Structures are given as structure tokens and as C-alpha cells.
Amino acid sequence: MKLEDCKLGGTHLKSSDFEKCKVLTTEWTPNLGYAWDNGVAIGRYLAELKEGKIIARICHECHRIMLPPRMFCELCFRPTDEWTYVEDTGVVNTFSIARVNWDASRRGPKEPPLIPAVIEIDGATKGMGILHMLGEIGPDDVKIGMKVRAVWKKPEDRTGAITDILYFKPVRAAASKKAAAGRKR
Amino acid sequence: MGMRKVAIVGAGITKFVRRAQETGKELSWQASKMALDSCGITLDDVDMVTLGTAPDAFDGVHMKGEYLADGAGAHRKPYMRHYVGGGTGVFSPIHGWMHVASGMADICLVVAEEKMSSCHPHPQGAFLTIFDHTTEQPLKPTLIWIFALEMNRYMQTYGISKADIARVSVKNKHNALDHPSAQVAEEITVEDVLASETLCWPVNRLDISPASDGAAAVVLASERVARRLTDKPIWIDGVGMSIDSAYWATRDLSYPRYVETAARMAYDMAGIKEPAKEIHIAEPYDPFDYKELHHMEGLMLCPRGEAARLTAEGYTARDGNLPICPSGGALGVGNPIAATGLMKVIEIFLQLRGEAGKRQVPGKPTCGLAQAWGDLMQMGTVIVLRS
Amino acid sequence: MAITEKMTKTTTPTHWEGDIPVRFVYTYGLAGETFFRAIKDKGTFLATRCDACDVTFLPPKIYCDRCFEELDKFVDVGTIGHVDTFTVTFKNMDGSDKAKPRILAMIRIDGTDGGIIHYLEGISIEEVALGLPVKAIFKPKGQRKGGIEDIIGFGPVE
Amino acid sequence: MVKRVAIVGIGTTGFRPITPDVSYRELIFEAARKAYTDAGIEPSEVDGFIAAAEDFIEGYSICDEYCPDQIGAVLKPTHTIAGDFIQALAAGYMMIMTGAFKTVTVESHSKASNIKNVDEVLGFAFDPVYNRPLRETPHAIAGLEMTRYMFETCTSSEQCAKVVVKNKGNAMRNPYAAFGADISEKDVMNSEPISLPLHRLDIAPHADGAVVAVLADGDTALALTDAPIWIEGLGWCTDTPTLEMRDWGEAAYARIAAEMAYKMAGIADPVGMIDFAEICDEYSFKELQHMEALKLCRPGEAAHLLESGATSFTGRLPINVSGGALGVGHLFEASGAHKILELVEQLRGHAGARQIPDVNIGLAQVWRGVPTATGAVAILSNM
């Protein structure tokens, strides 16, 4: 058989065929609502975020300090052992300069780009990253390997959500040393 | 090890288009009917059917495997839907292989379908909810982020430029000019890619495959039946799949180790020791241009960090030493996710039979590979075919 | 067993709310386009038939799902059928009560192996029975848009 | 060549109406950990993994992403079956029968309580052009089926209600079950009408829970355990998804799946050879309709068999001694998982207060629910 010799299905429609109603269509917006149980690990994670802290979980078998926290170690396949707070600072593993919103709509010319990043959190096992946003930095200044610190919402505005951290901002070496010294566990 | 041999004996495909008038059922039927006709059998001859299709949020039907059943030829037959996100299309013939190699079926129809255009205003919207609902979705991520993050890390690790990567898109869109199903085949230059709209740096519009509607199907048969149906059976000699942890942000994003794990499984089964020499032609998954390079490395078809250089040297062109995506891939033919993976398997099937028409690579290849990848950048599926 | 720290107070559990914010526009397909154009323009039902399998498909398909041959001839099967089965529905999709219960029926359209699932109109719960002959009631032609809602329901055959 | 496949380990969380104290990950981990402990194997030694799940039940666009961690499948051959657990069991069986996998884990779970409106999700499975615009609930389709089934077999709603009485009663003996109750058929008939002839209590309420099973080829099974539970027969079938083209009285999907499973298991006389059965009773009448489709009685006989007591806990063919979906709870893709769990417990003699004496062959049958016409059958034995 050769594809070239076959009559292939698939009738292409232009977007104007929809707009001008050349074809019949029907619409549906499903009401797909959920209330997912946070469970032990994520429940505690969110509760600590509300307090302005990031908490991780340790597995004594593989000695990993895991973020986001989990009640079982997916590699050792056993329960994890204890909680530990980690820093609210980290290192940019990778980043993007996003001009597109979640639904593929474009950000307007006056809207600044979004800068999502994978941030390896200090105090967790090397490589333990989380997805979050960078802020207070121009797109041209972002670098892989740069040190960043969480910028938290005001305590009264926090709800126990990943968005209790507004974004991570760059830290200068001196400032970071001072902050680390003053930080309470 | 006494495993039953399984062959691909027939194939069918639709055009890949941005918006199809056909329902998903109708697209499935068009591809399946063509596959049955191509090997001269009827639906009566089919023992079992397996269907691959990616998320329900594209077609817009809960349990869409059930909805598509009649178009996929499942009427009153043993039928199930398998699913590994973007890796589904190459997993589809692996799932069919399980049906036949196990002895449960002599002929299994394998169908892959996607109708992404139902999802409005853009299928990207469906991808918000692939992220963890509690720890990631509140940040309103888009699928492109995760690719951009991975691409940036890959570029940084190996010192690869956007222009190096853009060559993949140029090559594949060019290759697709010869594919009758192609949606976005065109002659473009590296400059065109770099000048196209930046969506999420480093990803530009022409780095990305389009959203598509389409379907593909293959017929698998046991050795005895295959030899009766065709004098050119293409054997499934190795299959592999592997899924990494869902904690994607913890991974080394510069290297797809899940693809390597899957490839090792398939190579072991096929008795392949030196993939770069023994594989003559490959269709790695290329929804984004850097992904082809990433996957070539994961498949051990070249050393890590070398894929871009080889591409620049023409090594992966249709007339190169190791033709990669001679079909035109997802970047050129289009990307109705599950159907794309199966399109790649069909391309290897046709190439090994010498029936790829203008796309035929020189040198009579006898061993080829198709690979897909999916979920949260964590799933690798690999199939090794031999003539 | 399993995890070593569990919740022991009813005040501890929390949940996270979210949705899947998607919207869809469906084409009717090759068969559906013809079928609903006939309802819209002519107020009748078109079916496709597979002579080999002796099956008449309503709603029509462009293929016979049993032998997989293409079916490209549409036949007008009229709008009269019989109640194959029915139910009295009390609930809306969101779980709320309907203003008044409705009789939903599967109407086997005469001369076909298929039919239409729709409401019975002008037939009381006491009157409805399996095998009852009924006829489609359409919206006035000007109000028809090409869709299953162009049918108001099925009523008694005079 | 591989000749037989057995279940060598199984674990469950049990089933509850809600499970607010654990995430889905924590829920599944518990079942998986129990299954591996039961099998005497670690997931690192398992060759393949399968999850049975559907996106919109989980609330994810691609739920396959989240399947590996809690079953120990990281960097392992793993896939999702968008189908019932028994279909996934069949996929696992096939994986082992290829000879390329010695052991396979099959997982399924329900966190149905996390779905705000289940009817909206199930209604989203209707054909978007022909059926969905009427905005009817999934139960309406079950109501249509029930009317036709009752008409064709001269069965009454009171007789269907007796299925509820039996199964909720059986569930009282099952510590895993969420919805056991001592009620009468009058209670069922007097419950709120949903889609007549269906009343509220004719419909299985949904429950949360997870089940994980470990399968192994014959040699491996015998090395791991003295009491493997063998998979003797499997069948699965999909009838037309087009509601309008269906035969509304008969469950053809169950009949054809059963024929396939009986043939594979070499069972010519199901009534004589099957000791007990767990069959789909998501709606009361479904148990009766499915008994007939499975050839456990002749068409129209199921209600009489029920009334004679033959299908009760102490009858000659106990059906749904676990309590079925009506007593245990409807578990979506894990529906078949609960039935397989019950078969394994009974065949091992571990079923406690609900143990049926001297059982060797059990049958599990499942239907994927409205609006599907897909079902699967598994036949297990301890011999």
C-alpha cells in the first residue's frame, strides 16, 4: 500500500465555516467541579504555607528531604519518617518568559511577561524543585542558577495555598546572608 | 524465549487537519476501514480491538473510549481503551501486541484518535488541569511552560542555541511536504522559526506542532495469520515503556531518562546492542522541535548533547545516515496526539516495506523505531520494528 | 501499616476546590449534518441502511458498525414510531427537582432498527405504554436551528 | 510458554462514603502496601503496572500522570486502562501471557466523594449531539432500561427492590462495606422517585476506596504463595454506544463477555460449576438482568430465583454476598476491583462472617455504568 494511492478521510473546516454557520454545531460547557481531599501531607504543606513556612518530609531510608511533602517515599515504597522546615530561598533550575496565558490567549502589550520557574528549594535534597513564579526581575536579567527568595502575601491575606507565596525574587549575596542569620526555624 | 511473534499487516490513516467536520467516531472509522482494506480483511476477521486516545478533555466526552467504540470497530467485541497521555499513540500497537503475543487474539485492530478542535477556545485550555490540582494549578500554568522550562534547561546544559534546535522544525516541515496527511508542511528557514511569535521563551510558534484532528489504525496479526495475509509482514521485535514520577519538577530536565528506560527494555527484547548502528530509521516524538533531539539522546541513537550537531550536519535528513522523522513528524504532519504516535509507527511500517513513496529513505532499511512521550514529561513508549 | 501519621481530629481534614474549565463546540459529523439538515429543512428523519447486514441506522451512520462498509444513501423514514421503553424523570442534571416530572421515551421509529430518545408530549403517565404509536412534534420551521432540540417531543398519532 | 496466571496478593482500604483524612495518593498507597505485603514481594521486583481510571472521575485532564508513585511504578512499564479494573486485570493477564512479564500490579480506586456533582460528570459521557442537549441525568437511561427489562421478563419493581434488601443485608456482614442496612422492599419502593421505575434506594450510592492486586505467572505464583487464586476465564465486550440502536431489555455486553470467559475457563454449565458470583448491581434490576445474561438462570427467571432464596447468603448460588454495589458502594473504575477482592477473600477462606463454605470457583462481572454498554467477566478458582 502507498498512502499516496489512498483516498484519505478528514474533511477540513475553516474557522469561518463555524463563524458563518456553514456547518451545524452544538456547544457544551460541562460543570466539572471538584473538592479534592488534601490528605495528611498536602494538608500540612498548605497549613504551613499559611504560616509563611515551607515544610518538607524526610525518608530515613534514602535520606531524601522531599518537597512537596509526601507521606510515603515513592522510591523506597515505605512511609516517610519526619517533618522538617526548609528555607524559603532557592536556586532557579530553569525558567521561561511566558507571553501566553493558560488558555493560549496572549498577554497584552502592556502586560509584563510571566516568568515561571523550577526552583530548587534550599534545605531540601538537591534537585527537589517546585514550580513557581519569579518577580521583581526583568526578563533579560533572569539566569539559571540565580538565587531567589519567596515573597509572601501579608499574613492576613494568606489562605493556605501555594499562592500564599506571591513569587520568588532575586536575592543579593549580602542580603541573603543577613536574612538566613535572622531566620527562626 | 518462545514468545509469539506479532506483525503489523495493515495500516490506515486520515488527513490531519486543524478542524475536522467528521466526528471522532467517523474519523476512527475512516482510518480503521482503510487499515482493514489494506490487508484484505473484514471486521469479522478481527478478534479484538484496542483504542488509544489521549485526554477526554480534547474530544469533550467523558469516557470517550466508550463513545468512540462503534467507529473503532468494537461492535460486540472485546474492546478496551489504553492511555498514557502523549505516549499513547506508540503504546497503542504495544497494547495490541499484548493482545496477540499473549495468544488471546490472532488479529487485533489498533485504533488511535484525537479530535482536539472540539475544545474551545483552544485545546491548550485542557492542559491547565494536567498539573497538580493543589500545588501547581493555582499558578495558572500552561502546557507550553513546562516545555519551555525543559527546553531552556536542555539548551543550558549542553550549550545549544535556539537556531540549532530550529533546524528540526525546518527539516520536519520539509519532509511533511511528501506526506498525504500533512497539515502544516512547508518550506521554512531557521530564520522563520526564530522570527515567529515568541510564546514562552525559548519556545516560538514554529517550534511547536499544531493542534489537530485525525485518526490512524493498524492491524496486528499472529505469525501464522500474518504470513497468510501478506508477504511483507513487519514484525514487532521490541516494545518498551516507562513512566517516571509525577513530581516532574524534581527531575533532571536535560535528559529524558524515562525514554532511555523504555528504550533499553525494547532493545533487550529485540536483541539490539548498538542502537545507533542497528536502527536504520527512527520516528521519535517531536511535538516541539527540541523534543526530537532530546529523544534521540534518550533513545541512545547519539551521545548526550550531540543530537543538534548531527541534525545540522544532515545526519538525520531523509537521505542522511540515520533518517529521523522522514514522515514529517508532529511538526509537519500535525499532532492529533494519539494518532500522531500511530502515524509514526505506520511510517516505519511503510518505510520497511519500501512503500513510503516520495518519502522513501534510501538504502532499504530493515530495522526501525518509533517513540512517543507524554504525561507530565514522564512517559516513554518505544517500539522496534523489523522487516 | 501504610502511612505512619494519620489524622485523628475531625477538625484537621482540609480540601482544595477546583474545576476543569473547558468549553466545547461539537460538529455533527458527516452523518449528523445530513440528519439534522433534514429535520431543520423538511421536518423528517433520514436513516442509512446496510442491506448486507439488514440494519437501518437511526441516527444514521456513514458506516455500518457491524460490517464496516460505507453507507452513503440516506432514506426518509418518516416521523412515526412506537414507544420502545420510557421512564418518568424527576431530577435535573444538577440534582435539583424538576418543576414537573417528564416522560422520557425511546421511540423506535418504524422501519428502522434505531430511533430517537425524547420526551412524550400530550400523553399522560396513565396513558403511556410500551408499543404506543407516536409521532414527532417539531418546532415551527422558522425556529428550527438544526439540533435535537428542534424536536419538541413525540405525541399521539391521530 | 506461560500457562496460567494467578492473583498472589491483594490489598484494600475498604470502602467509605467519604475519606477526608487521606489524599488519593495516601489512599492508594495503603492498598498497594497491603497488596505487596500480602504477596511477599516489593514493587521493585514487579515487572509491569496498570491503573484503571478515567480523567473526569479523578478531576485531571491526564490522570495517567499521577498513577505511578503510590503503586511503586516509578521508571517501570506502566499504563492506564480507561476502563474497569476487570479490563485492566485482562490487560495484566495478557502482559504476563506474552512471556515478557512475570509479575504485574493492577490498581484501581475511587475518590468519588471529591466530585462535586457526579451526575454532571456522567452526563458528560452522553453523545454531545443526540442525547446531551436534553440535559437528562444518567439515571434516566437506567430508568429506560429498567422499564424494558421489567416488561420483557414480567418482573415487578417490588421484585427489583428485593435485590436491594438482600444486598444491603449482606453488606451488614462485610466490614469493608459502606452502605449495609436492614431494610424492607417497602422502604425501597417508598424512597424518593428518581427516574421511575427507579427509586433512590434502587441506585447504588458511590463510595471511596482503593484495591491493588498483584498477578504472577504460574511458576512465580507457586514460588510466592501456597494459595494462589487462579485466573481461569476472562471476557470483556462493548456493545453499541449508540443508545438508540440498543436492545434495551437485554445486557448483550454481559452475555458476550460471559461466553468468552466461560469458553476460556472451559465452563459448559455455569449453573453447575460456579459456586458464587459478584455481579453488577449498580441499579437493583441490573443484578437480575445480569444473572440472565450470565446464563445463571433463564430469561425471566432471575426474580423468582431471588425470591426462592437461591441467591441469598445461604442459598445454592449466593450472589453479591459482599453486599454488591448497593451495599458496598459504587466505585466507578474500581467496581470490578471490589468484586475481585471479594472473590479472592472467599476463595482463600478469609471472608469471615460472610464466608461461604466450600467454594472453589467464583465469578465476577461488571458493567461500566450509564451510558456505556461495556462489561467484563472474570472467573477465578483456588484449585
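As written, the chains take the letters A, B, C and D, and residue 1 is the first residue of each chain.
As a convention for this text, a residue touches a chain if its C-beta (ideal position, glycine included) is under 8 Å from a C-beta of that chain, and two chains touch if they have at least 3 such contacts.
In this text the structure is predicted, and so the values were computed from the model without any measurement.
Asker: By mean C-alpha coordinates, which chain is most distant from chain D?
Answerer: A
Asker: Counting C-beta pairs in contact, which chain pair has more, B-D or B-C?
Answerer: B-D
Asker: Report the inter-chain centroid distance for chain B and chain D in whole angstrom, where each centroid is the mean of the CA atoms.
Answerer: 33
Asker: On a C-alpha centroid basis, what's the spacing between chain B and chain C, in Å?
Answerer: 36
Asker: Using Cα averages as centroids, what's the distance between chain C and chain D in whole Å?
Answerer: The computed centroid separation for chain C versus chain D comes out at 28 Å.
Asker: Indicate the residues of chain C shared as contacts by at least two other chains.
Answerer: In chain C, 2-3, 6-7, 12-13, 15-16, 18, 20, 22-30, 32-33, 36, 61, 65, 94, 147 touch at least two other chains.
Asker: Among the residues of chain D, which ones contact at least 2 other chains?
Answerer: As it turns out, chain D has residues touching two or more other chains at 20-22, 26, 29, 33, 56, 59, 61, 68-69, 74, 114, 117, 120-121, 124, 128-129, 133, 240, 242.
Asker: What are the residues of chain A that contact at least two other chains?
Answerer: 11, 13, 18, 23, 26-28, 30-38, 40, 42-43, 46, 71-72, 74, 161
Asker: Quick one: do these chains touch in a line, a ring, a star, all-to-all (complete), or other?
Answerer: The chain contacts form a complete graph, every chain touching every other.
Asker: Applying the document's contact rule, which stretches of chain D touch chain A when the two form their complex?
Answerer: Residues 19-27, 29, 32-33, 36, 42-44, 56, 59, 68-70, 72, 74, 111, 113-117, 120-121, 124, 128-129, 132-133.
Asker: Give the list of chain B residues in touch with chain D in this complex.
Answerer: 1-4, 23, 54-57, 60-63, 65-70, 74-85, 91, 95, 97-99, 101-104, 126-130, 132-133, 239-247, 257-258, 261-262, 265, 269, 374-376, 378-379
Asker: For the complex, give me every residue of chain D touching chain C.
Answerer: 20-22, 26, 29-30, 33-34, 37, 56, 59, 61, 114, 117, 119-120, 123, 128-131, 133-137, 139-140, 143-148, 151, 192-198, 240, 242-245, 248-249
Asker: Would you tell me which residues of chain C are touching chain D in their complex?
Answerer: It is residues 1-3, 6-7, 12-13, 15, 18, 20, 24, 26, 28-29, 32, 36, 57-59, 61, 65, 84-95, 101, 104-106, 113-119, 130, 147-149 of chain C that touch chain D.
Asker: Spell out the part of chain C that touches chain A in their complex, as residue ranges.
Answerer: Answer in residue numbers: 2-7, 12-20, 22-28, 30, 32-33, 36-37, 94, 146-147.
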